[in-house]
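Each of the next two complexes has chain A plus one more chain, namely chain B in the first and chain C in the second.
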Partner chain A sequence: MTPSTAAQNARSRKVIAIATVVLMLGGFGYLAYGGIGENIVYFLTPGELVKKGEKAVERPVRLGGQVVDGSVVWNAQNLDLRFKVTDGQGTEVLVHSRGAPPQMFRAGIGVVVEGKYGRDGVFQSDNLMVKHSNEYRAPDAEAMKHPERLNKTLMRESRS
Partner chain B sequence: MSSVTMPESRPDRGAAAAAEPIARPKVPWWLVGLAFGTLVSGQVVGFLTSEPDRDMGHLQKIMYVHVPAAWASFIAFFIVFWASVTVLWKRNERADLLNAAAAEAGAVLTGLTLVLGSIWGRPTWGVWWTWDARLTSTAVLFLVFVGFLALRALTDDPERRARWSAAVGILGALNVPIVYMSVKWWRTLHQLQSSPSTVDADYVLGLRWNAFAFAFALAAFVTIRYRTALFALAADRRAEARALAGGSTDAR
Partner chain C sequence: MTRQLGYLATIVSLAVAIVGCGMAVLGARRRQASLVAASYNAVYANFFLLAIATGAMIYGLVTHDFSIGYVAQVGSRATPMFFTVISLWSALEGSILFWGFVLALLSAAVVWANRHREGTLVPYAAAVLLGIGAFFFLLLVGPANPWHLVSPTPADGPGPNPLLQNHPLMAVHPPLLYLGYVGMAIPFAFAMGALLSGEIDRTDWIVLTRRYTLAAWAFLSLAIMAGMWWSYEVLGWGGYWAWDPVENASFMPWLTATAFLHSVMVQERRGMLKLWNVNLIAATFLLTILGTFLTRSGVLSSVHAFTTGTIGYYFLAFIAAGLVLTFALVAGNSEKLASEGRLDAPASRETVFLLNNLFLTAFTFTVLLGTLFPLVAEAIKGIKVSVGAPFFNQMTVPMCAALLFLMGVGPSLPWRRTSAAQVKALALAPAIGAVAGVAAGLAFGIRDPFALATLAFAAWALVCNVREYQVGAAARMKAHGESVPVAVGRLVAANQRRYGGYVAHFGIIMMAIAIAASSSYKYEKEATLKPGATMPLRSFDLRFKEVWGRDEPHRQVIGADVEVLDKKTGAVLATLDPRLNFYPTQEQPVPTPSVRSRPVGDLYLNLMAFTPDGASATIRAIEEPLVPWIWVGGFVVAFGAVISGWPTRRSAGRRMVPVRAPLGAAAGFGAPAGTGVATANQVASPVA
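Right after this comes the complex of A and B.
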């Protein structure tokens, strides 16, 4: 191999390497900031689901929101669960699910349900997932910070 | 095609290399001990200093290993990025060995993050896995670095291996900010990043302790793998030099 072709080879390799990196950077940039963000919506909010109307009915879709206080009806006999999900902006969707929910499920917690929105306005869930917030709290955070107070509460409770 | 260094053009250097003794790789035992000690005590501290979480009870303890594993993998991929750029920029042989060591540790830590997250997700979310942006981008990160290691295993020419590794290393490392920001950019089942304001003080201690433990473990693994690779390289060089200088095939 003559020195000139070796140099040419090295140069073309460098060009290929730089082109690859630029291409990949562009690709990642597009992924991060481009229109793709619109297409990978993991779940719809109750408001978005209702607004979609006929397009979202009887199609596999994910619905995410907060479980409405006082809306949970759990029938342990036939493992039938009904509750409402809200987007916090006035739209609520009734969800029907079968089987025991995850242990963290309760009124007020975030959920994502996979299933189909029926024509009767009830979302039939095949899969109920709990969306935990980024908060981690001791049972009574205030009491934990003040052991003497915790002690007092315990004493009061044991006395009554 | 491959431009292997040719010792016969410099016979003096070849002969010298053949005679040189190679130092065995030193294991940083103090670092290994520090990592092991903090890792074990970290779990004890985590369990003793924090009450069961209001929502998830003792399941919250998985945080002490899942989150530090993810953080440590990010550090590993930062090293990969830096080493990869050095390889492409300066054609530095040692940077390639560091690149491989950090990528290996990063891949293992990302795998650990995925497994621990899955174990945490089943009882809390109700599912082992879901294709949200955080989980999917983390899986991509893992696969890129598994590919990185496979590529290295399949490429014989050291120079080409270094360059290809560096290219994949930069690409993979660029995925890290995407993984980190995914919970902010897209709707996910995975929650947003926690911060000291969203986590009670007694959980923060266990988390920080374990973050240091994982960082020490990462440093120990990368150091050992890097030194071992340097040793292997030196041994190869000596065998090569001896074969050329003395004609003897005995590498000892």
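Right after this comes the complex of A and C.
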């Protein structure tokens, strides 16, 4: 091998190496860009969800709002839960969820539901979270009372 | 009294760190041994000061001294002693204090171990460690001060966050994580020290750095595994990984440290990738700081947390300073960081290491992108978004498969080059293994293509892994007439570093198989049951007995007794009692799922809801195959790291023999005690 062909070889190898790296980076960037775009989950209020209309239909969304008083219909045998969520500004969205709601779920509480808004105007929830769940607060009289009230009957026949 | 003592120790430690850092730099520049010795003493003094401060805080927690701000924040007379002690790390200020203590401890340990080393590497490393220390002690004096006076002294406190006092793993996960996270500051300090001292072209810093990275990496691996386990045992959704930003924060430095542990071998053997390795160490350290920023500043739950606390700005400024320091030092040493060797052939171990690093880096970028994207979107466009788990899964599962493939290929290929015939001979058995892996997956009913791909490449890697032991042990058995266990044991002992790595690989393969199986072949069912009613599952039947309640000092517990029945005979195999714990400080109850673990898999029960009169309860049951092997795999990984890094008489007695002797390796280079460097000569190398 003459020195010039050796240098040529080295150069072409460098070109191949750089081209490979550029190609891989490009592919990675393309995949990441498309992947993020497809999997972005918007956090919306009922008003924003309805306003988005067609653009928000059948896409993963996190919907946050308050459970409307008197709207909760819970069938414990079928584990079928329906309720309305409001943004407090007049827009309500009907939510359908399967599975038991969190223990503290009730009318008036703030919730975040993950799921998709269907064409029929019903939000199909895969995951229902009570909004205060992650909030850590110092004890207040109301919260202290709450679990007791809830479990009073069971506590009476409590064992240790 | 306790408060004043702790506060004083914290303030003095800040002063000592700043002065010590200055003395170390001056002493190293002027080659003044007395100044250097004084700076080492500053490192030791800081360990004692932080031990006093941390001890004072624990004492304050245990004695319920609610005049101390942090105790008033997380303490409670009702909390059991065990959880009172570990509430040291259950909120921001205490965790920064504990962080500072671990940093002071590790700094003192490494400086002590290397105090007799010649040259200016260690003084500069001590300066960097003291500088990092000064930053954390500054946080403790400023925005994260746990010592502020609460007056008048409250009679009682709220107790730690219920999620953190619900499971004993909370005593294990945070300390391990801090040892791993803070441990990454040590390699960073030595890399920066090597750049500052101009000793970057010697090998002793890289030998030390590999060792310390390995130790921190082992702790970080265990910490991540313990975190997964905690999430599985406490959060009640039957999963262990959700690509949650907090999880990602711990995972990113693990990925870059893993990349470094592999690429450092290329530097040691071939004198290549020096610049890359320095960058990986710096990236690992800065990612630990970024992770602390993400989890401790409150920036993730809401960007508006910035306005309530200033600690985020401190972290950002520190990350920026770290980046500037790294870039400046790397630029100043560019000649010394030039590569000595180059790739000879595409089919060689070097190439595999390069690809391994490429995938691990891409992996890190993916996780970083998905973690930071919501922050950027909210800052720029003002929209609230999150990046769904499918993004992470579809991006990273192929990378995991590729990494498993390389894990099999790498150890089989020799350095420099391989012939095509060799490659073919090597690939046959693992290829059969991969096909068998897919077949087994299909036979068990797994249809998910991602899971099948993972199984294929995990089986591929497993065959390669076993072959490494088999070939080596067979040679020993033939040469020395040893029995199988003796031969395997001595093979590992004689090639600690190499086979330690293979043991870690084995643990990763275990985890990969268990994760693929448990996530794709999960059986989930939820039902509301009356007492005596049964609920059929895939491999068991459940019979609900009753709901019960119990008062505990710090909480109320509601549990459901559920019998697990054999599907055929109807015999009672176990009684599980998933619970809901009601803490007075939190409206939402904290679930305690009940898990029956067997090698074939877990039965996971969670109490979802109950009627207050006990007439019915809603139970979610999940059958997840192979889950226990994830935890076992985590221990095996850490065990591999211990084997690989454990000091030996062999390695203490002699130095490594690099393929190319680095420049200036002879001058001022005493044999480091117990560097754990593996030897190039193998009892039996499978292909070389």
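In this section, the second predicted complex is superposed on the first by the 90 of 160 C-alpha atoms of A that agree within 3 Å, B and C clash if a C-alpha of one lies under 4 Å from a C-alpha of the other, contacts with A are read in each partner's own complex, and residues count from 1 in each chain.
As a working rule, a contact is a pair of C-beta atoms (placed from the backbone, for glycine too) under 8 Å apart; a residue touches a chain by one contact, two chains touch by 3 or more.
A quick note: this is a predicted structure, and the numbers were derived from the prediction, not measured.
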For this session: Name the contact category of A:Ser12: first (chain B only), second (chain C only), both, or neither.
Result: neither
Exercise. After superposition on the shared chain, which partner residues are touched by A:Ala76: those of chain B (first), chain C (second), both, or neither?
Worked result: second
Exercise. Thinking of the overlay built on chain A, is A:Leu128 touched by chain B (first), by chain C (second), by both, or by neither?
Worked result: first
Exercise. Touch check for A:Val41: first (chain B), second (chain C), both, or neither?
Worked result: both
For this session: Return first, second, both or neither, reflecting whether A:Val112 touches chain B, chain C, both chains, or no partner chain.
Result: first
For this session: Considering only the touch criterion stated at the top, classify A:Pro60 as touching first (chain B), second (chain C), both, or neither.
Result: second
For this session: Using the superposition on chain A described above, determine whether A:Met104 touches chain B (first), chain C (second), both, or neither.
Result: both
Problem set entry | chain B/chain C common contact set on chain A | 24, 28, 31-32, 40-43, 101-104, 130, 132-134, 136-139, 144
Seminar exercise, completed: Note: in the complex, chain A contacts chain B through residues 1, 6, 13, 17, 20-21, 24-25, 28, 31-32, 37, 40-43, 64, 101-105, 109, 112, 127-139, 141, 144-145
Exercise. In the complex formed with chain C, which residues of chain A make contact?
Worked result: 24, 28, 31-32, 35-36, 38-43, 60, 62, 76-77, 79, 99-104, 130, 132-134, 136-139, 143-144, 146-148, 150-155, 157-160
Exercise. Chain A touches which residues of chain C in the complex?
Worked result: 158, 161, 301, 358, 362, 365-366, 369-370, 373, 383-391, 394-395, 526-528, 547-551, 556, 558, 580, 582, 584-589, 608-610, 612-614, 616, 618, 620
Exercise. Taking the complex as given, what residues does chain B use to touch chain A?
Worked result: 1, 3, 50-56, 60, 63, 88, 123-127, 130-133, 163, 167, 170-171, 174-175, 178, 181, 185-189, 191-195, 198-203
